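Input: structures, listed below.
Here chain A shows up in two complexes: once beside chain B, once beside chain C.
Right, the complex of A and B next:
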C-alpha cells in the first residue's frame, strides 16, 4: 500500500478525497476537546433560535449551539462508522475465507448460508437486527456490522477462490504449509486491493445507515448524539430554522464524498497499474524514400512473387523514445513456397507476421522500403482496395483459434461473412461455400459444424475452421502464427498436413511463425532465424541441422531434443537473456550470449551476407562451434 | 530412494471419469516419463498423488505406505507447468523457498539453506531477496524446482515443466532435471506431451490415453517397438525434419 499512496494523490479526485478524510480525522480528534463544552452548554433564554452571530446554525430545544454540536458529533459518527465497518469487513472476511479453510463438506454450507443471507435487502436486515438486539448504540453497531457482512463475504470468497486455484497456492499447500497460513500469506495479500476499495465504499454506506438508525430513534440514544440524532432533532424545527437539519446533513454529504472519492481514486490506481501509460511521442519519423515498384524490371523472375518485403520496421512508442521490435526485415515469398520464421519470444517474429498482414494497431507504426503483396503496394494503396485484396488473397491463422473466432457467431456464418463482403456472394452461395470449405479442411459432417458455435468444437477443429475461413477466397499467402502450439501432437500433425495440402493444391505460399524448430523444418522449404528484430540467418530447412552457421541457430537447434539427440551429452544452452529492444547494444545483438564473440562483434553489427547455402549475419559464420558444449555443462 | 505406486486410482469430477483405474509404478531412483494428449489425465494423476485431486477409488503408495497429505513433511513434491503462476508475486523467491522447508530454522542456517538450494539449481544466492517479477521464465522454473527440493522429498512430480518456457531455456531446464536426479537419486515422474523431451530425460515411460495407461516400459523399448496402436500413432505424428524424413521411418 505504501507505494500506492502517491499514486492516489496524483489524481484530483484522490487529492480531494484524502484531504476531506484528513480534515474529518482532525475534527474527530480535536472538536470534542475544543468545543465540547460549548456544544453541551444550555442557554434557556435562547432555545430554538434561528441563525445569529452567536449561534451560526441556531440552537436546539435546550438552547445548545447546533453548529458546534455538529462538529463535536464528528467523532462519534466516525467512530461508530469505523467500528461497524470493521466488524462487517472482519465478519465478511471470515465468512468468505472459511470455505477455503474448511474441508469441502463443511465449506459448502457456509457458501450456501452466505448466499441465503444475500437474498435479504441490507436495509431490512439492519432494521430487523436493530429491533431484535434492542435499542442501544452497541446493538446498532452490531446490526449494521452483521448486515454488511454477507455482500463482503461474497466478494472475498469469489476473489479468494480465484487466487486459491492458482499454482502458487497449490504449491504452498502441497509443501505442507498450514491452510490458515496459506490464506493469510498467499490469498489475502493478492486480493487485498479490490477488498480495500470495496471496504472504503462500504464505509460510506455504513455512515448513512447509522444516520438512518439514529434518525429513526433506534441508533444512538441521548445524551449521546451523532449526526443522525442531530438531524432528527433539527427536523422538528425545519420550518423555523432549516439550518438545524441541514448542517448535520451537509456533514453526511461531505463525509460520504470523502469515503467514496478516496475509494474511487484507490480503485483507479489499482486498475491503472495493469494499463500502460505509453503514448506515441510524435518524434519526426524519417519518411523512408519511397521508390515506386518497378514492374518492368525482371518481370519474369518476379511474376510468381507473392510477397516482397524490404527493410520492414515496426515501432511502438515507449516512455523514452520509440521501441522497434522489428528492425529491417526483408522477406521474399514465391507461389507455393513455405518459409518458416523461428526465434525466441521477443525476437520480433510475430510482429513481422502481423505487420505483413496489416494487423499492427495504433500506436504501432509500420514502415518499409517495399511492402508488396501480389504486386500491390500495401503502403500506399487506399484502405478499401488493400482490404479487398487482403480479404480474398491473404489468410491468417493464429495460435489460439478460440480468441480469433467470434464466440457468439456460428462457424458457418463467420466463414460466410467475409466472402459476402469481399467476393460479393449471396447469402446462400456464401453459406454453401462455407460448408464446402469446412469439408475441404476435412471436418467431419461439415453441415452440422457450420451450424455450431466455436465452443462446441475442439481446438483442432477450430484451427481447421480458421484455415477453412482463409480458404473462402483463393489465398495466395497463408500467414500462420504458431498455428499448432496450442494443439496436441496428433492434431498438430493433421493441421500441418492440411497446410501442406493447401499449399500443394493451390500453390499458396506459406509464412509460418513458430518457436518449434522441428515443426518449421518439417513443413517449410526455407527457415529464417530471427534475433532482436533482425533476420540473422536464412537457410534451406534441409540444411538446418547440419549446415547452420550462425551460433544462435546452432544453439536453438541444440537446445531442443529430437528423436535422434545423443542421450549421453547435455543439451546446448544459451546463457544470458534475450536483448531488451529498449537497450540494443552497438554491435551484434547476440554478442553478449555468443560463445564466438570477439571485439569486432561488440563494435560492428554484422550484415546479412548471401553465400552458397543462404544468408547469414555473423562475423564468425564459418568458425566451428567451440565452447558451446562447455557452456552446456554449466 | 523411494518407489511411488498408483494402485487402481480412479478420479471423477461429477459424472466425468478422468482417471479410470490407473495402476502405475514409478521405479525408485529413476525418471519415469508420462506422455499423452491433453485431457488424457496425466496432470490429474500427478495431482492425485499430492492430494490436489480427490480419489474416488484406489490408493497412492510411497514405499508401500499411503502418501501423507497432512502435516509439515510432504515426501511427494510437485513442480508446475507455468512458472508465471506458480510463484506468489508478493513474496521474494527466498520466502517462497523458506515456506517449503519442513522445519523452522534460525536466521543463519535458513539463509545457508536458501543459498544451497539456489546453487543447486544454478541461481545466484544473492538473488534470494528478488521478487519473481525480476526473474525470467527459466529462472522462475529453477526457483520452483528449488522450492520442491526444499521439502527434502522422496519423489518429485514434474508437470510439463518446460512447455511454457522459451526454446533457448528448455535445454537448460532439462539438463538441470537430469543432473539433479543424478545427484540426489530422487524418483521423478516427468509429465510431458513432447515425446522427444521424454526420450531425453526418462529411462522409463508410460503412455496415457482416455484416463488409462495404454503402455509402459523402458523408454528405448517403448519408442522403438511400441506395442499399442496409440503409441504408434503418437510416434508417427512427431514432426520429422524434411531432410531426415526419407532416411528412416523409425524414430530411434
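Right, the complex of A and C next:
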C-alpha cells in the first residue's frame, strides 16, 4: 500500500466523496458566473411549467428555470454552510479547550455547561437563537454556528483531555510551559485528525440545518435563495411539478453524501487498512515429522486418557498468506493429571488452549491429526453432537475475571444457564445448584453472591465464580488460561489451591496455561514449554530446575528470581524478541536468541525427541549450558 | 474498592444515582426556564411593537405591554413568570389572545402522536437489522454485505427529513395516490410523516447497533458464554444484545429529542397541526409568548427523555449507577 496517499483517498468511497466535494466547489465558483442570468431571468409566459426541453426541471411562479436556480444556489448554500461550520467549530474548540487552559475551578463549570447544552436538540437551539436574533440570513448563520458548538466542544474536550494526560504533555505543563502553548503545540496537533473528520461530518449536518431553516422560511430571505428556499417554493407546486422540489432535494442529498462519505472514509469506516487484504491463501506449512505417538500405550491406559491431541495447527488468514500461531502441538492428558504450558506471550499457548476448548472463531482454522476429548472426536465440526459433552465435561477458566463475566447478568444466572441447557435442569434446580457450586468454591454467603452482579465482587471472588461455573457439570478437564495472572499474590495462591482441590476431589485433568514458570511448576505434574507455536520441551515439573535441556527452558527459569538470586546483580532476561509468526526462520525458531546456536540450528529445524527425562527439540540438548556464552549474549 | 462497594450493596448506588440524576434534571430545567424567560428580554427593541407591527396604535401597544408585565422590574417579571409556570399559566398569545397553555396542549398531542410511533418504528427497524448485520458480518465475513449495509445507511442517513418528506409525498401521494399528501385525518395520514421521521434515524441507529454489537461480540464474557456451549441465539440475544444496547440507549435519548424537534420540518411539509407548525408561525409573526412556551415545552421533553434514557440504561446495566457523571 502506498503511504504517500492520505487515508481518505485509499478507498473508492473516499475518492467518490472527495470528487463530489470537488465538483461542488467548482459549481459554487462557476455556476453563478455562467448561469446567474439564466437563473434570474423571468419568463411570464411560462409560469409554474413542468419539465420541458427548455426548462429541464420546469419553472417557478415567476417562470424562472429551476434547474439553473439549483445550480446557482450551490454557492450560497455552501458558503453559508462553511461560515456556520467555521463559527461552530471555532466556538467548539474554544469551549472544549477552555477547561485545559483555565484553572480547574473555572474549567469545571465550562464542562458542566457544555454537558447541559448537549441535552437540548440543536434544532431547538437554532429556533431559540433565531427568535432572539430575528429572521435573517446572518442570524441563521449565527444561530446554527452557536448550536453546533456544544457537541464539538465535548468531542474536543474529551480528545484533548486524553492527550493532556499523556506523560510528555503533563511533563511540559509541570515544567512551566504556558498552558496556551501546551494546547497549541502538544494537544491540538495530536487530536487534529479526529476533529477534522468530525468537522466534515458536522458540515453535512450544518448544510441540512440551514436547508431546514430556509425551508421553514426563517433562514435565507428572498430575493436570495438557497436549496432550502427552492424546496420550499417547489413544495407548493408538488402536484403539478414534483421536480421543482425534488431537484434541490437531490442537491441536498449529493452534498450531504459528499461530506459524509469523505468524513467516513477519513475515519476509516470502510476499513482501508490491512483488514480487507487478509485472506486465505495456501502457504507452505512446513510439517516437521512430529514424534509418533508412543507405541507402548495399551488399551486400558487409553481409557484413562481425557484429552488426546496430535499435531494441532491453528492458522489465521493474513495479508500475505496464512499465519499459524500454533504449528503442530501434541498433548495427552490423563484423568487427574495436571499439565502446564509455559512460554512468552506470542508463543501460541493461549491459542492452543482455545483450540482445544473449541473456541477459535472464524476466520481462524483448527486442524489436527487427532483431537479427542473423552474419546469423542471433536473434529467432526457438528456442534450439536459435541455441545452437550463440552458443556458438561469441559470447564474453561479465563485470564481476566474482571472481563470474563457478563456485566449485566447476575452471577447465579450465569452459572445456571449452562446446566439448564445441557443437564435439562429446571430454573429452580439450576439456581440451587449454582448456589451449591458457589459454596463449593468457598465463596462466603453464596445465596447473596448468586444474586449479585459481577461488578459487586472482587477479582478473586469472580475467578472462583468462574471455576464454580465450570463445576456446574462434572468436568473431566479444566482448561485454565492464565487463571491467576490478573490477581494479586495471596488471591493467586487461593485460586491455585482451589484448582488443586477440584483436581483431587473429582479426578479432573488440568491444562494450565501460564507465562509464569513458578505457578506452573507448583501445581503441575508435567510442563510443556512452547516457543513459536511448537512444543520445544516436555518434562516433569520436578526436573524443571535441574534437568531442563532446551536453552529456552533454562532461560525462562533463569528469568524467575528465587531465594538464591543475587540481589545486587540485574535480573536475568531473555535477550532478543519472540519470533514474528509471519516471518519464521528456516531452522530452529529460537536460533536468533540462543547462546548455543550453531550453523545446523539455522538450517534445520530440530524435532521433538523422547528420552529418559521427557522430550526436547534442540540440536544441542545434550550440551550443558555454557556460562561464558550466556554471559556473552547478555 | 470493589469489596467496599459490594459491602454497601446495590440499594445505595440507586439512591445516589437517583439523587444525582434528579439534581442534573432540575439544574437543566432551571436553565431552560430562565433562558425562555430571557428570550423575550433579549429581543432587540420592543417585542410588543415588533409583534403588532408599526401601524398599531401606541395605546394598544402600551396596554399589551402592561398586560404582559413588561413594564415591571426584571426580577419581579422573573418571579411572576416562575409563579405562573408553577400554576400552569403560560400567558396569552399577543396576536390571538388565546391562552397559550391550551394551544400548546392541543398541538403537543398532535406532535407526540407523530414522534412516538416514529421512535418505536426506528427501534423496531434498527435493533434487529443492526444485530443481524453484526452477527452476519463480524470478523470480516461477508465483506460485500457489510459495504452495502454501511453504504446504504450512510446514504439514507444523509437525506434530511424534509427531503424524505417531499420524496415520499411525490411518490406515494402524488404519483400513486395511496396516502394523503397533507393533513391529519385518519390512520393513513400518519403513514408518510411517521415514515419520513424514522427512515434517517433508523439507518443511523442500525449502524450504531451494529458497531456496538461487534464490539460486544469480541468481549471476553461472550467467549465465556460460548465456552458454556449456549445456543448462538442465547449468546447473541441474552449475552450480547443488552450490553450493546446500553450505548444505543444513551444515543436514543438524544435521538428521540431530536425527533421531536424534527417534527418541526415534517409538520411543515404535511401541514400537520402540531407544535412544530406553531413554533415556526409564531416565530414569523413574532408572537413571543407562544414561542417562549413552545421552546419551553420542546426543551422539557428533551430533558425528560434524556433522563428516562439514563434510567433505562441503569435498569439494563447496573454498573452505570456508579460513577460521577
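We adopt the following convention: the second predicted complex is superposed on the first by the 402 of 634 C-alpha atoms of A that agree within 3 Å, B and C clash if a C-alpha of one lies under 4 Å from a C-alpha of the other, contacts with A are read in each partner's own complex, and residues count from 1 in each chain.
Everything below uses one rule, namely that a contact is a pair of C-beta atoms (placed from the backbone, for glycine too) under 8 Å apart; a residue touches a chain by one contact, two chains touch by 3 or more.
Please read all numbers here as calculations on a predicted model, not as lab measurements.
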Of the partners chain B and chain C, which touch A:235 in the superposed model: first, second, both, neither? second
Is A:25 touching anything from chain B or chain C once the two structures are fitted on A? First, second, both or neither. neither
Of the partners chain B and chain C, which touch A:556 in the superposed model: first, second, both, neither? first
Between chain C and chain B, which one touches more residues of chain A when both complexes sit on the common chain A? C
Please work out whether A:400 is in contact with chain B alone, chain C alone, both, or neither, and reply first, second, both or neither. second
Applying the touch criterion given at the start, work out whether A:120 contacts chain B, chain C, both or neither, answering first, second, both or neither. second
Contact-wise, after the overlay, does A:196 reach chain B, chain C, both or neither (first, second, both, neither)? neither
Is A:387 touching the first partner chain B, the second partner chain C, both, or neither of them? second
A:408 contacts which: chain B (first), chain C (second), both, neither? second
List of chain A residues in touch with chain B within their complex: 166-168, 170-177, 185-186, 189-190, 344-345, 488-493, 496, 515-519, 521-525, 541-546, 555-556, 558-565, 567, 570-574, 577-578, 632, 634
For the complex, which residues does chain B have touching chain A? 37-38, 50-52, 71-74, 76-78, 80-82, 85-91, 96, 99-100, 102, 122, 136, 144, 147-148, 150-151, 166-172, 174-175, 178-179, 193-197, 199-200, 223, 233-234, 236-245, 251-252
Residues of chain A defined as touching chain C within the complex: 13, 115-116, 118-124, 127-128, 130-132, 134-135, 204, 208, 211-212, 215-218, 231, 234-235, 238-239, 242, 245-246, 249, 252-253, 256-257, 260-261, 264, 269-270, 275-276, 278, 357, 359, 361-363, 383, 387-388, 390-391, 396, 398, 400, 403-409, 414, 417-418, 421-422, 452-453, 455-459, 466, 469
Complex interface listing, chain C residues touching chain A: 2-3, 5-6, 9-10, 24, 27-28, 31-32, 35-36, 39, 42-44, 139-141, 143, 147, 150-151, 154-155, 157-163, 166-167, 169-170, 174-175, 181, 219-221, 223-231, 234, 238-239, 242-243, 246, 254, 257-258, 260-262, 264-265, 268-269, 279-280, 283-284, 288, 291, 295, 298-299, 302-303, 306, 316-319, 322, 325
